[in-house]
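Shared between the two complexes below is chain A, which pairs with chain B and chain C, respectively.
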Partner chain A sequence: MLAFFIRRIIYAIIAMWAVSVISFVIINLPAGDFVTTYIATQLATGNLILEAEAESLREHYGLNDPVYVQYAKWFTRILRGQLGFSFEFTEPVRIVLERNLLNTLLLGTFTVVFIWVVAIPIGIYSAVKQYSVGDYVATFLGFLGLGIPDFLIGLVALWLILDLTGFLATGLYSVEYRTAAWSFAKMWDLAKHLILPVAILGTAGTAALIRVTRANLLDELKKPYVTTARAKGLTEWQLIMKYPVRYALNPVISLTAYVLPFIISGSVVLSFVLDLPTIGRDFLKALTAQDIYLSGAVILFSGWLTIIGTFVSDLLLAWVDPRIRLEED
Partner chain B sequence: MTTETREPPAPLDSGFRRNDDASARIGDASARNDDMSGGDDGVSARNDVASGGNGDSPVAGDAILSVRGLETQFFTDEGIVRAVDGVDFDVLPGTTMGIVGESGCGKSITAKSILQIVEAPGRIINGEISYNPRPETNSSTDLLSFDANSNEMRAIRGGEISMIFQEPMTSFSGLHTFGNQIDETLRLHTNLTKQERFDLGVDWLARVGIPNPTQRMHEYPFRFSGGQLQRAMIAMAMCTNPRVLIADEPTTALDVTTQAQILDLLQRMQEENDMAILFITHDLGVISEIADEVTVMYLGKVVETGPVFSFFDEPKHPYSKALLTSIPSMFTSSRERLPSISGSIPHPQNRPMGCAFHPRCQSFMEGTCDVREPELASVNEAQEVSCFLYEE
Partner chain C sequence: MVAGAQSGAESDAQLVGESDFEAEVEVMSQRQLIWRRFRRHRLAMAATVIVALFYSIVVFSDFLATNDPEDIEAARQYTPPQWLRLFDGFKPDLHVCRLVGSRDEFLRKVYVKDCDQKVDVQIFARGYEYKLFGLTLDRHLFGVNDPEVTAEDAIFLLGTDVQGRDLYSRLMRGTRLSLLIGLTGIFISLIVGTMLGAVSGFYGGFVDNLIQRSIEIVRSIPTIPLYLGLAAAFPADWSVERRFFAITIVVSLFAWTELARVVRGRYLAMRQEDFVTAAIVAGANQRRIIFRHMLPSFYSHIIAASTLNLAFMVISETTLSFLGLGLQPPAISYGTLLFTAQNVQTVALAPWLLIPGIFVVVLVLALNFMGDGIRDAADPYGS
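So, the complex of A and B:
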């Protein structure tokens, strides 16, 4: 078990380094650099920037160095916790990320919990009562949720709610609470605003997880160990919950690898549409402005979170599945 | 082979009790079904002969398990498959009934029908399964009168009638320890405490010949070999002292040496516990070793039934004869082709008219076999055959 643990940690570290290289390449892929965009926006507002000034900006930010030097500088700074300066927000990247970190975590966590709580029971029901009316309804709604992009559902729901109740469901806080200190009233206000984005973000994830749970469980229900359990005299639900569901949840546990990055970057487009103050929204702004340090940091962290998530799911699988835990000795 | 040997292992005797409420309910239900189980003379005649070798030959009509007119059908998209199509047989207390037939003849479905654990889209359409655990009182119960998920049926499953399966390697959950899985059976069918259940599990593992039983209780099935798993499954099925054990091809997935050990173990268990066995197999060698009586099935129907010696010495049905001639003999030269039954089993949805075996039959009689369906009838004191060759 210890050898298994150490090997996974070493793999994770190598993968994290590789992700940092890829992230850096990606943020440098678009033609031009931040200064080009900066000049363009300044021109648009009527400010003329001299070539010399632009050049000094490039020099200042090290944009004239060879690519590998830029990478080395960027990566060593990140390891020291210096995430760089956001040109778009004209403040350090760290400040930008920290400002909306709590909102992002709240939205992401609630969405993940929503997906699990809704999808797993429906998936189990769908498999056990295969081809029943309930199964068809779940399948239909599931594909609908998978097929319709979340920003479209978001816009339609926004309009419907406004039209029916007069409640404007954008953002995460009403104006009066935005800068207020935490109180019960503010939390209640947040809860009201969270419902819509959580439900919308959850639909696609729920649909996918229903299908995964259903398919896994359908495979497991035909296995001989289920017949053995039935022949013991267990009730149908007792035996289904104890045996095949346990088996069917293994692949679901593997999906936790994607839960962590999803919390950060799953809400990018919807945050933009619903004007949610999340890191996802800032990330989209940074991307369109070629704000390399901010977007680089988000891409890098999403990648790292995927790796950490994979590591965590490996540990979880080893914990729940003796075949993995004991075979690795 | 008396009912006294039915007691559980001595050291654990005190705490071991069947769930009284369940058996009480079974008794109640039997009152309703008494009228159906009585008087089947053809059957009792056969029973007498079958058990003639035993000192304490059972009295007429005291089969512990009696299946009559069982029909189980599968409602698939392509149509109805009549997997079990009117099957009759009896299992006598303390004896072994072997059911033989090719793959797909309905033997496993018959076994699962007895416990009502046929998987969807299969459904039991018709029939009667009389379970008579106390022959002296003749209080038999029709198991099919219980709902598949009822408490009564669940008390029988694993408690009164246990079952072991073909593939021991996949018949356990790999995510639970063996101890957990045997504990569950005991929890369902006894009132023992956790510690008593554990001790009984250890005791049974030892009785089926697994070394280090205490340690094995904490281990996961993938640490057991195939033969050990089949032993463990037998322990799990036997730990509630069932009166009937259904063994669905329990040796098919095992190598020949292990196969022989498992058969020995089953016979020992049968003697120690005075238990009836319904043994399902396609292997006639295994049947000759373990069965007292044989029922031959073809396409969901019984074609022949009788004592095991009559079956091997004087098989009556052309299908039984063909099966027996296709066994390789020690004296056959290796150059000789092994006789095989011509043709192949028809798809159950394309059942031939008349006798289902007629397209492959050596003794086919045109105008009879392909027109009418034969019925199971006695040909002598011991054997029953469903074939026009023996019709008067």
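So, the complex of A and C:
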């Protein structure tokens, strides 16, 4: 177990480093350095930036250094928690990220809970009652959920709600609560606004988890130990819940690998359509404005979160399922 | 559903005389066996037909179109769909009802359908000129049979957008680009994926480790931020073709990892099989073993993985272009068509702008069913 643990940690560290390099490359892909871009946008709004000022900016951000020195400086600054300056929001990146962190966490967490609560019972039902009408319906809905892009469901839902009730279901807070202090009324308002995005964000994940749970459970149900348990006279309910379901739930643990990054990156596209105040929406704004420090930070952190998530889920799986850790040793 | 079709197929097989059936199966090649199993998959067969239809749109998009997709008709913005009518009373007569445009009290353009004024639609009608297989043609599957038709007499089967461009014809053209992106992407990922997978499986050891770890790292980066980050990095002034290739490479970034894993896994598993040992003992050379003995038993897996990847690529392109980060407006694809339906007020005004979304969903579902069908049919141990 210790060897397994150490090997995984080393992989994770290498992967995190690789992701930082990739993020840095993406940041530097746009033609010209960002100071030039910044000067151009300032000129467009009538602000003149002197060449000397531009030079001091370049000096400050180390743009005259060779690429690897730039990378090293950028990376050490990130490790010290200095994420750079967002030109789009004219604020430090850290402040931009913190502003919508709570909304993003709420949306992500509720979506994950939604996926589990909906998908696992349906997956179990589908497997136990294979080929029943309910199974067919679940399978078909599962395919639909995987096949339809998030933004399309979002658009259609918005349109239908607007058409039927005249209510524009965008954002996470009604206007009167947007700047108000936290109160029960505000929480209730938030809850009402969360239902639609959570349901839409959850569809793809739910569809995937239903398929996995069903397939795994079907494999388990054919195994001899199930027959043995049945022969011993266990009730069908006890029998299914006690052994095969436990094993078939391994993918739920694997899913934790995607939970962490999903909380940030899952909502990017939908946030745009539903105008949700999340980090995802800020990220898209940053991308279209080529606001590199902000977009770079989001890419880097969602990559790191994925790696941490994978690491945690690997450990959990090895802990829960002895076969995995034996195989690895 | 899938498994249901299969168990039905099993009982069909029982009906055939058991010995006849076995004798027949014994002489079948691997390909025939797979085809045989696949054909029984009704859902997958239907899906294959749909995918084939989509690809015929790719080839014949201009022949199927009724109007020039680039044509702007300022007088005809946001016309609702004019459904094609096959009968006039009981008399067969292909036509659409004429739309009479006027302005309401808010000065918005409104259209009233007037079925007393028919616009005749003809089969193999003359329309705008286009090139197909090097020929310049002006015949279309159907249309008003007048290349110089005025906006009032033109037909807009699925309505028009804000600039009065015909959505149906644009959809035909958009199918072409979206599917070509998918195909090119599959081609790239096939080459990169199978090569790296084969190298990884063949040499093993350090090379294998290096490739596998790189794949893990590529896969550990969340798709959406990476795709968006890369797509946003392309300069806005790139030409349509250049952007097309750049976006193709972006959407195939992940597909190759999947293929490389499939190929490597199959290769390693197969190296231990008796038939490979038998081939070695019989004196077959390396190339013959790989291409004659091993490859046939996993190319179906490659096809299945590619089909599923194609669906993923179509969705990726659509999402990127919808956000304005993929292909840019003069290019016509599913994504750029949906880009015009970005805000919900526009959708409420002209819901038909979401029709390209239906195409995306049907295509993606068909590709998924087809891929699943191929995978099941290719599995010799599947029930």
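The definition used in the following text is that the second predicted complex is superposed on the first by the 279 of 329 C-alpha atoms of A that agree within 3 Å, B and C clash if a C-alpha of one lies under 4 Å from a C-alpha of the other, contacts with A are read in each partner's own complex, and residues count from 1 in each chain.
Rule of thumb we're sticking to: a contact is a pair of C-beta atoms (placed from the backbone, for glycine too) under 8 Å apart; a residue touches a chain by one contact, two chains touch by 3 or more.
In this text, all values refer to a predicted model and were calculated from it rather than measured experimentally.
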item	value
Partner chain(s) touched by A:Tyr247 [first = chain B, second = chain C, both, neither]	first
Touched partner set for A:Thr288, first chain B, second chain C, both or neither	second
Touching partner for A:Leu234 - first (chain B), second (chain C), both, neither	first
Chain A residues touched by each partner, larger count belonging to chain B or chain C	C
First, second, both or neither for A:Tyr68, with chain B first and chain C second	neither
Touched partner set for A:Leu144, first chain B, second chain C, both or neither	second
Which superposed partner A:Tyr225 touches (first chain B, second chain C, both, neither)	first
First (chain B), second (chain C), both or neither touched by A:Pro322	first
Residue ranges of chain A touching chain C (in the complex, touch as defined)	11, 14-15, 18-19, 22-23, 26, 29-31, 130-131, 136, 139-140, 143-144, 146-152, 155-156, 158-159, 162-163, 168, 170, 261-262, 264-266, 268-269, 272, 283-284, 287-288, 290, 295-296, 298-299, 302-303, 305-307, 310
Chain B-touching residues of chain A, taken from the complex the two chains share	222-225, 227-236, 242-243, 246-247, 320-323, 326-327
Touching residues on chain B, where the partner in the complex is chain A	112, 115, 117, 119, 149, 154-159, 162-163, 165-167, 170-177, 184-185, 188-189, 220, 222-223, 233, 236
Of chain C, residues touching chain A in the complex	1, 3-4, 213, 216-217, 220-226, 228-230, 232-233, 235, 311, 315, 318-319, 322-325, 338, 341, 344, 347-348, 351, 354, 357, 360-361, 364-365, 368-369
